[in-house]
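Two complexes follow with chain A in common, the first pairing it with chain B and the second with chain C.
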Partner chain A sequence: MNEQAIKDLLYKLADDQLILGHRNSEWTGFGPILEEDIAFSSMAQDKIGHSLAFYTLLQELGEAEPDTVAFTRNANQFHNSQLVELPNGEYDFSLIRHFLYDNAEIIRFEMLSQSSYEPIAKVATKLKGEVKYHVLHANTWIKNLGSSTEEAILRLQSSLNEAMPYALGMFEKSKFEQELIDAGVYAGEEAVKAEWLKRITAVIEKTDLKLPDLATIEPKFGGRYGEHTEHLQPLLDEMAEVFKIDPTAEW
Partner chain B sequence: MYGGGNVFEATKFDDVQTEDPAKLEEFEARIARGEKIEPTDWMPELYRKQLIRMIEQHAHSEIIGALPEGTWITRAPGFRRKMAQMAKVQDEVGHAQLLYSAAETLGKSREQMLTDLISGKSKYSNVFNYPAFTWADSNIISWLIDAGAIVNQMANAKGSYGPYSRALERICAEEAFHLKYGHDAVVHMATGTPKQREMIQAALNRWWPPIMTFFGPSDKMSTHTETLMRWKVKMASNDECRQQFLDMYVPKIWELGLTVPDPNLKKNMETGQWEFTEPDWDEFKRVINGDGPCNAERLAVRRTAEERGAWVRRALLNPKAKYVKPLA
Partner chain C sequence: MSLTKENILTLLEEVKDPEIPVLSLVDLGVITGVEISEDDHVTVNMTPTFAGCPAMDYMKKDVERTLEKHGISNYKVNMTFDKPWDSNKLTEKGRKQLKEFGLAPPPKYDLILDLDILEHVKCPYCDSDNTDMRTPFGPTLCRSMHYCNNCKQMFEQFKPL
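Let's turn to the complex of A and B:
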């Protein structure tokens, strides 16, 4: 198996989770109700833990250690989708992003747990049980709020419209796409996207929200190749603020 | 994280005079026998009032206390610290949730308590009106403020009100982990590079005066605690807590080669008591009444969070909202 292809996939998985975990953690102390502070913090801890698991696999393939990889790269070296780096905004945007992201993440984990590349299969099998709860959390809240007050429905609809081009950007193909599919690592981004659409549609149909017409939306690609919005670098600078005081120190 | 300082505002103690003497006698007898008072049991109004005030202040201290350390979650250096810092601050928010529920059993709603917090009507632990300038400040809070909180909360866990005392037992178990985490982080700083040592000493210097006021004014200065102690609402005096804290932690601070910024701090071997420079109680009063370095900022953050989240709470209360079971 082409090691570059595997590394590319691992970076994509790890970076998505690190950056979204970081964003989720920003809700600690600011949630609309205490229970949501706590929920977003739990998901943040899981996501960052998952990213560490994938950075550790990368280290086994000869990359630098997880702390160095996570805390010292610049934005153009990150492979996350642009969706996860966008600021939290209001709770409606964070919730919609969480819904769109985790419904895709669980499919990736389900596929990867069957992967021909055993180290990924093992990690994905272990972690998908946690992602299942993230999906339950997102779907429950979307169903609850998505059919409540006019105000809530308007907010969620507007965030859904805003997030959708970025969500479609999650499925940007890697330059090793066909190789990964042929080698049975996973079924590829098109397959993830098709299943994702089915699942999010099923949830949205239970609410007063409408899925925007995907045919008219231009996906925000680039993230997988190091092209990011202006929001990622400041996030990384903040994350590394203490670490960079002395990267050789034991903190 | 809560030290219990200055909880009990002066109360008219004739209030108990209006209570039914037979019921009051039975109530006091139950407490003397070590029984717990439960939400539906008879209790004097004064007991209810002081407990609401105490538990509410404790809950507020947890959510406001999440803010100074919370600002360091996104900046924690390395995976190990990042994960631990997140979990630690999340615990504090979880404590607030537990405590608001305990206070609600006495008849005041969470929404009302949060409204009183934002309006400035109810207080929270004074230490959180001081800023956490650096990562090292956050470490000092995790270690020494949590240590102080444990001293106070272990005592209060033996108090007479069932829901509060049970909540405190759970909280103390978690705080014990925070203490280990905080100590570990401080050890790494104190035994690290010269820059790290300088950072941690500077943070200790900044936090020492607030730490010394954490347990509240000297007992010589507080009045009306006798009834509250008989009712097992207040379980240890402020001075006892402070002495116990100094006994447990000053040696540990010295062990790390750090200095305590008080030239008068020493243990008097004859009396067994620690002697120290009297904290600036005027400043303490000024800060608790709103004039500290961070009072306005802390409340503004809380107010913004409440305002920004109001639409979610309205939506949840909407009769049209369909309750969805998570597994449906």
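Let's turn to the complex of A and C:
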């Protein structure tokens, strides 16, 4: 197996988790109700734990140790999709992003748990059980709020329209795409996207929300190749602020 | 003392979950293997309950401290995903201890998580099934929060995973 291809996949997985984990953590203390404050904080902790599991696999392949990788790279060295770096906005936007992201992530983990690359398969088997709770949380809220008051529906619809180009950007293919598919590492981004569309449609159909016409949307690509919005670098600066005071400190 | 897998496991009974101090790591199901080589080198394999659990590193150090305390200096403790944890790995003894501690133990299940499993958890205080899940997240990653309509109390469950 081409090690570069595996590393590229691992960076993509790990960076998505780390950046969304950080965004989720920004809800700590600000959730609209206590349960949601706790939910986003818990998901933050899970996701940062998931990124650690993938950064550890990268370390086993010769990359720097996880803290160094997480805290010392610049925005153009990150492989996350632009969706996860966008600011939290209001709760409706965070919820829609969480719904769109986690429904894709669980499919990736389900596929990777069958991967021909055993180290990823083991980690994915473990993590898919944890992400189920994230998906359950997102789907429950979308169903409840998406068919509640006029304001809730309008807000969610507007956030859904805004987030969709970025959500489609999650499925940007890597330059090793065909190689990964041929080697049985996973079925590739097109396959993830097709299944994702089925699952999010099934939830949205139970609400008063409408899925935007995907044919008319230009996906926001670039994230997987280090092209990011203006929002990523300030996030990284804040995330690494304490680490950078003394990079050699033992925690 | 001659080293056997059994007596290492007995020593590890002393190591408790730092957040649930009645529950040993053995009963929690996170000790996934103990190997002793011919020259008495001890290998203990552990696996995290939740990948992001901040207590795992502490538990690993606690295992190392316990081995040292019993005069074992030739050892290695590994944290691996080789045999990933799920909540069915909690022992019967562990489930009983959780309940006594006031945490509803996770149901044994077929590892297909659905809402039904989460909705009607038996209250650890009064054993009623008339309960509702308030949120699948709680004060730690491994707990969800529920309300008992019978004894009118909030309670927590150790989540099925």
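Please note the rule applied: the second predicted complex is superposed on the first by the 250 of 251 C-alpha atoms of A that agree within 3 Å, B and C clash if a C-alpha of one lies under 4 Å from a C-alpha of the other, contacts with A are read in each partner's own complex, and residues count from 1 in each chain.
We take it that a contact is a pair of C-beta atoms (placed from the backbone, for glycine too) under 8 Å apart; a residue touches a chain by one contact, two chains touch by 3 or more.
This structure is a prediction, so every number in the text was calculated from the model and none was measured.
Peer 1: Which partner chains sit in contact with A:Lys122 here, chain B, chain C, both or neither? Use first/second/both/neither.
Peer 2: Touch partner of A:Lys122: chain C, not chain B.
Peer 1: Counting residues of chain A touched by each partner, does chain B or chain C come out ahead?
Peer 2: B
Peer 1: Go through the superposed model and pick first if A:Thr149 touches only chain B, second if only chain C, both, or neither.
Peer 2: first
Peer 1: Quick one: classify A:Asp246 as touching chain B (first), chain C (second), both or neither.
Peer 2: first
Peer 1: Look at A:Arg108 in the shared chain and tell me whether it touches chain B only, chain C only, both, or neither; answer first, second, both or neither.
Peer 2: neither
Peer 1: Thinking of the overlay built on chain A, is A:Ala53 touched by chain B (first), by chain C (second), by both, or by neither?
Peer 2: second
Peer 1: Touch check for A:Glu130: first (chain B), second (chain C), both, or neither?
Peer 2: second
Peer 1: Looking at the overlay, what does A:Gln45 touch: chain B (first), chain C (second), both, or neither?
Peer 2: Touch status of A:Gln45: both partners.
Peer 1: Quick one: is A:Thr28 in contact with chain B, with chain C, with both, or with neither? Answer first, second, both or neither.
Peer 2: first
Peer 1: Output check: A:Lys12 vs chain B and chain C. Expected answer is one of first, second, both, neither. What do you get?
Peer 2: neither
Peer 1: Residues of chain A that sit at the chain B interface in one complex and at the chain C interface in the other, please.
Peer 2: Correct list for chain A: 35, 38, 41-42, 45, 48-49, 52, 136-137.
Peer 1: Quick check on the complex: what are the chain B residues that touch chain A?
Peer 2: 63, 66-67, 70, 72-79, 81-83, 86-87, 89-90, 93-94, 96-97, 100, 135, 185, 188-189, 192-193, 195-196, 301, 304-305, 308-316, 318, 320-328
Peer 1: Which chain C residues qualify as touching chain A in the complex?
Peer 2: 47-48, 50-54, 81-82, 84-86, 111, 113, 115, 118, 134-139, 141, 145, 159, 161
Peer 1: Applying the document's contact rule, which stretches of chain A touch chain C when the two form their complex?
Peer 2: Interface residues on chain A, with respect to chain C: 35, 38-39, 41-43, 45-50, 52-53, 122-123, 125-127, 129-130, 132-133, 136-137.
Peer 1: Please output the residues of chain A touching chain B within their complex, sorted ascending.
Peer 2: 22, 25-26, 28-38, 41-42, 44-45, 48-49, 52, 66-67, 70-71, 90-91, 136-137, 140, 143-145, 147-149, 151-152, 155, 235, 238-239, 241-243, 245-246, 249-251
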